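Submitted below is the structure of interest, expressed as structure tokens.
Per-chain residue numbering starts at 1, and chain names A, B and C are given in the order in which the chains are listed.
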């Protein structure tokens, strides 16, 4: 082949290529439906995290749960003050013995495929979750705890029976996170022992009944929602809403700046100032995410038992420069964290009497001296003949860890404690921490983060003995604490429950399975063309209620 | 480099004045000389890092993404740490990875090439078949998989890169050994009853060594480059600040949209300069030493002998 | 027929290599510490029963040997397993991703081939001039830049002018054809350019070397002596002969390009196979990773074979 012929072939080739590209692209967007007479426009939200699955029994990410909040019926939601408000349930009451709860649900509601949505769907979902709570429905098992049975005597009445009288806020707190699924779709996919609940892809368009219908989903790329015109509640002002995922923060911020996005739900701290200067509305509200420094508190721990010494834990706490972490890692978009229940959690569940300890290296040194751990070679203290030198398990997917670790490492060196970062991806990190066989002997120290819910039950549960191999990442196990945990679930009044919840926090504050580092803000940015886009502790796209995206509108 | 050519040069006149030829070649190629000097300067800088870095490596000396100033010529990074300091230490880590991984690949590749070329026959066939398999494994995905499975650590990265980069060395060395083996003095030594070890050490190795060095310089470039890629994917040791890690840190913390170009441009420029220097030096050396590597003389399979292409697969 | 022998030998080698790759692929992943169940069962109230059920579901309860046999059998049926994360067939996932990767990679490669050949020829022909020096240094420069860094630099330069992430504007529902093409073109530009520039450097150097080689041959000297126009010499004689190594080299490199697009895809959030590999790594989605790795390896083997056969076709003298 001569060059001439080669060159002559090129335009042909390029032409074919263009066509090929066009063809693939067309294939990609064919699932979109014809847009309705548009007036409200499309709201484009950028995220760094995204929806990992459309199946509620599989999904893990916050964005997935937020998507369910907008697409599935839920009995109750939070109002803007984080009190419980009617949603699919118009009203509710408990029986005198507190063991039976009755919900009156919305009449004339429909699923997006036109089938009626009734209390029977709710009862079916609850019963299915109970039946398969050790199998396919394990994800939702905590939500149906204590429930023995749910029935729907008529289309708008749901009756739920409990084995013992649960606390009222606890009941509502669980139902606020409970997505009611369409029985006529899901009943066909249960499979053997409920395993099918986990394998059903629940592809778009998803049959739901919320203010939006999820019409298009491409993992790690885009999720599109269309306004659901058959929705029984207040309809959104926008026609469509899309969640676009970016694997590179810079590309995301750039997209917002150049008008390819209308808002970002996870603004990197470093970009806040730039975006403000560029005329975007950057909202920075206290959030529910807290980073932590975990001390293996397994009472049966075999090595480095000095770490179970409360004096040592206290000394470590004094060596944490929370202000610097706030400044450097979060650029001010965080508060010092102090308790397992972060301050922005709802209804006063956070114990306000707990205060972060001071950053005081002298005091920390004194405490360690008093404990009798003298400095050995290299200035590293020695405890029971062993150097106080520890690997810190650090999951690689928590972005704030590397910077925070450097700050901790430098300060801990000054109190004669050597920290070494052991970076592992999150599943390897968890496997290491729980090893061997969920006995929590495999690690000394770790760093991670927790994102709390509004209701404190879940966060309080992660340090119970029951959670070994489940959510526990500290090995903490204390009988008294577990007793209080059960008590708060069945506390007869909100005030009583609060009292127990505060006491539990105080106990953890003293026992220190976690040294809480920073409670980072939820930072969102929106273009000035839009109004009433609300940011919350859980971000603008959240599972608290459906306000943010039903309210947002073009200016 | 008017006469120049980076990769094509007149063949040496016989084997005897080879070393002199190398020097002459380098002198005739100012670009290669500049590359060599640059590499030397960078190596010295890296070795002296603890003494010449202007600030402590982990100390915050100003605001996050502080602008360049007289105190901090290249500004501060996302932890408020001096960029010049970070670059010096990053250079050190990157070079350590480059040299160590190259050493691993030299030992494996050198041994395989030597054994295959020297013994020939069945040994040669088997070893070259294995080399063929290694050649077709796409190295970047494999590095990702292995680094991900073993966990991110500098040591793992060095081993992984080393294990994947030996094939070209093995082929170069094998070809050279084969030709050396047939030379008169080697045959004579064998006839005189010298053992294999003695022949290899006394006669073959000295002839192959210069080529091994040329190949080394090119492999260093590939290793540095691969480490940069793995670091960007979050598979490098987070506590080892390499040049690749600096790029990743800056990208993770949105340095570009913050306008902090000084956190992301210099590390990339430094990596590019290192690879450029290695290519210039390695290419010049290789051409000078082994004119038979010239492209058109080779069969398709051997094209990948050229680290040029070897790196290419890592390049994208 | 030595020719047929040669072809058969190369094809045979390719098949054996695929088998070896499949085996390495299996072993590599089974050696991994901490299986995916750890991740999957991290749900509240996970019981040993649930863990076991998940192990059975993913076939992790059988012996390694049984798992290998099952793996081979499934593979023979084109079944690459089920992704741990989205519970969909890996083959479907990969096909979708590959379809996204190919146009971007092809565009970048075509760019690199066209410009690489052009500048390579110029550099060789203008040997010893400033033009050559400039070309060689620019090529070496691009060749030396870390890919991800070059991509980030392009984001700095083109921020606000071109989209910096994604493949299309997903918010355009049912766009008119040309709007769609324009949208796609604007999204594909930066990633393809990044890939193209890196390859451009490499191809320029290859073409230049091959051309220099040819230009030194006797028949070129003869042609010069005959007083042929330089342009004619390059086109009719030098380039024609240099095409042999160039074509094979490019075929060889094609196999690696798909594998190598990983960095570019991550920088530009391009939803292709590279991003899929990256996601699978971070989520420990072994079936997905295994499948992707297999596809990448097989594509390299395939293009190796193509290069071999192409070389044979262009120069039948070769039989080794």
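Observations on the structure shown:
Keep in mind that, in the parts below, contacts are C-beta pairs under 8 Å (C-beta built on N, C-alpha and C of every residue); 3 or more make two chains touch, one makes a residue touch a chain.
These figures come from a predicted structure and were not determined experimentally.
Touching subunit A and subunit B at once are the following chains: C. Here C is the chain whose Cα centre lies closest to the centre of all protein Cα atoms. The most distant chain from subunit A is B, comparing centres defined as mean Cα coordinates.
A separation of 44 Å divides the Cα centre of subunit A from that of subunit B. Our note on geometry: subunit B versus subunit C, Cα centroid distance of 22 Å, whole angstroms.
In terms of their C-alpha centroids, the spacing between subunit A and subunit C amounts to 37 Å.
Counting partner chains per residue, subunit A has residues 248, 250, 254, 257, 396, 425, 428 touching two or more of them. Multi-chain contact residues of subunit B (touching two or more other chains) are listed as 148, 234, 251, 256-257. Multi-chain contact residues of subunit C, defined as those touching 2 or more other chains: 33, 152, 155, 159, 266-267, 278, 281-282, 284. Listed in rising order, the residues of subunit C touching subunit B in the complex are 13, 17, 20-21, 24, 28-29, 31-33, 127-128, 133, 136, 140-141, 143-150, 152-153, 155-156, 159, 195, 198-199, 202, 205-206, 209-210, 212-214, 242, 244-245, 248-249, 252-253, 255-257, 259-264, 266-267, 277-278, 281-282, 284, 289, 292-293, 296-297, 300-301, 304, 307-308, 310-311, 318, 320. Across the interface of their complex, subunit A is touched by residues 58-60, 64-65, 78-80, 148, 151-153, 234, 237-239, 249, 251-260 of subunit B.
Those residues of subunit A whose C-beta lies close enough to touch subunit B in the complex are 248-250, 253-254, 257, 268-271, 273-274, 324, 327-328, 331, 394, 396, 399, 401-403, 405-406, 409-410, 420-421, 423-425, 428. The touching residues of subunit B, counted against subunit C in their complex, run 1-8, 132-133, 136-138, 140-142, 144-146, 148-149, 221, 225, 228-229, 232-235, 244, 247, 251, 256-257, 261, 264-265, 267-268, 271-276, 279-280, 294-301, 303-304, 308-309, 311-316.
Note for the complex: subunit A touches subunit C at residues 1-4, 6, 10, 13-14, 17-18, 20-22, 24-29, 32-35, 42, 44, 52-53, 55, 58, 133-135, 138-139, 141-142, 193, 195, 198-199, 201, 216, 218-222, 224, 240, 242, 244-248, 250-252, 254-255, 257-258, 260, 396-397, 425-428, 430-432, 434, 458, 461, 466-467, 469-471.
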